[in-house]
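Going by the order they are written in, the chains are A, B and C; count residues from 1 in each one.
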Amino acid sequence: MPLLEVRSISKRFGGVRALDGMSLSVDEGEIVGLIGPNGAGKTSFFNVITGILPADEGEIFFQGGQQSLRGLSSDKILKKGLARTFQNLRIFKNMTLLENIAVGMYSRTQSSLWSAFFRTRRFHVEEKKVFKRGMGLLDLMGLANQGNEIAANLSYGNQKRLEIARALATEPKLLLLDEPVAGMNPSEKEEISNLIRKIQKRGIAVLLIEHDMKVVMPLSNRVVVMDDGKKIAEGPPEEIRKNPRVIQAYLGEA
Amino acid sequence: MLALFPLLDRNAYHLDLATGVGIYVILAMGLNVVVGFAGLLNLGYAAFFAIGAYVYALLSLHAHTPFWIGLPISGVVAMGFGFVIGLPAIRVRGDYLAITTLGFGEIVRIAFNNLSAWTGGPNGLLGIERPKIWAPTWKGHFGFELISFGVSALPYFYLVLVLIAVIAFFLFRLMDSKFGRALVAIREDELAASCMGIPVVQIKLCAFGISSFIAGLAGCVFAAKQTIVTPDSFDFILSVLILAMVVLGGMGNIWGAALGAVVLGFLPEILREFAAYRMLIFGVLMILVMIFRPQGILGGQLIRRELTRPIKEGS
Amino acid sequence: MSAALNLFLNQLLNGLTIGMVYALIALGYTMVYGVIGLINFAHGEVFMVGAYLALTAIWLAASFFPGIPFGLTLLFLILFSMAGASILGALIEKIAYRPLRRSPKLTALITSIGVSFFLQNAVMLIYGSKEQSIPDIVPMTRLKIGAISVSLIQILIFSVSIGLMFFLTWFVKNTKTGKAMRAVSENPEAAQLVGISPNRIIAATFILGSALAAVGGSLFALNYGSINFHDGYLAGLKAFTAAVFGGIGSIPGAMVGGILLGVFEGLGAGYISSEWKDVFAFLLLGAVLLFKPSGIMGNNVSEKV
């Protein structure tokens, strides 16, 4: 049974069909690459899955659940175990790194407003745990010792890492990454690729939008190709490379 | 240090004024929770203050409820109204809240004016009981006696001072917790916050409720101090005045809001000769502060950076 | 004719009259909101200033051209008020809002309250805090149409308002500026890509909205015979409600919303209680937000993306 199963999602903006019966599934622990020419609808697809855009048609099932995710608000979808990053970075720039990560852990902590007001034992224990885990995640990202830095002061590449760390802090089962290596140099790309493999080893499945074939092909267990809001091909990376429809879609763009 | 003020200045008028400014400080700290922390605008804040005042007035007149019991009830009732008003507007979009609260402020004022049977109409309610406390006495032997606050503002001054301290204490704790972080995250990037699992509407509503609760407390103290409440004490100008205090002092800064209240509270006294221009000056001040120092007097770096950053796409 | 029907028709007529004024103000709210996403709190004050300008025009006409026909005075006062308010609208935009174009909404919203306070008090200092009565320049004749009697001023309000609404609809559909306004309000980024200068369009929106509000203010003052410096606050608030009711950002929505709100208020005042008249608008606002937040003619108002 797949971890995420999206069944023929459609989304229109005015007269434009951004998504036109798009389907996709991700199995547990799998890395799936989602590629396609610009304007194919990849980011809209992420936005629909994470509840930012309401879908016009179709269903989204998670963890074999009987209930569709469609219509849930973004925070509830996250709580089910679906976290994401954004194409153009949306970290909390004026908060520290640790605070950014702590925000990610909001939904995984129990302490109430009362315990914040009256500083119960549980509050202290939880705060300690949150910041300890936060340090651990920063360590994983190679950002240790920068926990109290303001996020805006980081380099672009490190901001991208922070955004992944924040998503991991939400304890996801599936991580949606929207162009995680865009604007990075080859050695940074290599680091992020290794990071994604580490994430997979932790048992987290990854759905990855990426333009750079040198990154997405070696990483992915399976590649899905989108064009015009539809899935046009699906298969192991080496097959996709040779698929005439895929080649045509990309050539058509150029 | 502030507690020594009555010892240094024994002028009864100054003490009364200082107590009034203290009530402004409570209101400004309360409104700051919504405007500064949550980035929402409440333009009917005076209505929640009014509800607190009328709740205690009615409880005192009809049920002889002691002040100390009336105080939390006033806060809770104001908070209840806050949730009822806040929910539909916050759910739709933040800036509708401004108009909804403005309309609510009008409704409350008109209602208190028209419901004469209960509220005394434009004449208001009078004869509200003052707070009573158990004070140590010496009548040949040591004992305690229940004594009521009198006409002097002195006990009210200390009451207000204690309330300010308690409210500030809890607000600092609020901000230094996951709720505080969630509020800052929402202000920074609502969409990202929502995608990181922050229940945005719930958190905003919470802030709105806390803010209304504080206004209710202030209203109760105000009613007990004046012993009379009339609808015209709670007009739109008061709502804007409190907003101006928060903006001037520094949105999102707990002491900033208090400072703004102190400055604008005493300003009319200083500008006495220009009384006619007072409101004009407020208007110009608000425009100038927003253009040249949007973070206010004490607004932190964080707020300044947030306020000068371009509007995010789609928000 | 039965007294019941008479009451109904009269209240309906009163409601339609004020509804036209609400619609004229609501158009300014909705256009500005459409183009820059700002609730311009000061817009109600522009309406009020428009009414005072009309009064000033009457004074001017009476002292410089005594005895001219009332039609000319009328034309002069409307043009005078429109011109004055347009300049005011352009100034407000330029001085108060343009420096904040790139700031968050809250900043601009607070600034607009500052502007509103400033205008109210400036008018109070210039014209005094007492209600000013408007000289009766329009003859008090009443026309009998069937069973209802309509005053000349009411006919004037209907014809001018409806005329302006047709003009605005035509303007937005057919002129270059109008089309650009629609483009900016539908998609600011795309509009910029096609080479539409946002500054010019935003200024034009403020000018147009202010002129319409000024006409509303002039007609309001003529109809009620008096004006006060805080009349703009309540009228503005209700007009905003009308804009939300019609669907904020939608021009036909503002027209329909304004007229319906006026009728709603007129009938409410006649059948329920005139003391509570001012409350109906806000109850309607609450109901709209609860049940149909996008308004009767609006698009989706989702805040996301």
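Methods note: a residue touches a chain if its C-beta (ideal position, glycine included) is under 8 Å from a C-beta of that chain, and two chains touch if they have at least 3 such contacts.
Remember, predicted model here, so these are calculated numbers, not experimental data.
Asker: Quick check for you: compute each chain's CA centroid and the global CA centroid, then name the chain with the smallest gap between them.
Answerer: Measuring from the global C-alpha mean, the nearest chain centre belongs to B.
Asker: With chain centres defined as mean CA positions, report which chain is farthest from chain A.
Answerer: C
Asker: Between chain A and chain B, what distance separates the C-alpha centroids? Give it in angstrom.
Answerer: 42
Asker: Taking each chain's centre as the mean position of its Cα atoms, how many Å separate chain B from chain C?
Answerer: 33
Asker: Between chain A and chain C, tell me the centre distance in angstrom, where each centre is the average of that chain's C-alpha atoms.
Answerer: So the centre of chain A lies 47 Å away from the centre of chain C.
Asker: Which residue numbers or ranges of chain C touch two or more of the other chains?
Answerer: 304-305
Asker: On chain B, where are the residues touching two or more other chains?
Answerer: 191, 194, 306, 309
Asker: Can you tell me which residues of chain A touch two or more of the remaining chains?
Answerer: Residues 52 of chain A each touch two or more of the other chains.
Asker: Once bound in the complex, which stretches of chain A touch chain B?
Answerer: 50, 52, 73-75, 78-79, 83-84, 86, 90-95, 99, 102-109, 111, 113, 116-117, 119, 123, 127, 130, 152, 166-167, 170
Asker: Contact residues on chain C for chain B in the complex?
Answerer: The contact residues of chain C facing chain B are 37, 39, 95-96, 99-100, 102-111, 113-122, 125, 189, 233-234, 237, 240-241, 244, 275-276, 278-279, 281-283, 285-286, 289-290, 293, 301, 303-305.
Asker: Can you name the residues of chain B that touch chain A in the complex?
Answerer: 170, 173-174, 177-182, 184-185, 188-189, 191-200, 206, 301-302, 305-306, 309
Asker: For the complex, which residues does chain B have touching chain C?
Answerer: Listed in rising order, the residues are 35, 39-41, 43, 88-89, 91-96, 98-100, 102-104, 106-107, 110-111, 114, 190-191, 194, 236, 240, 243, 247, 251, 276-277, 279-280, 282-287, 290-291, 294, 306-311, 313-315.
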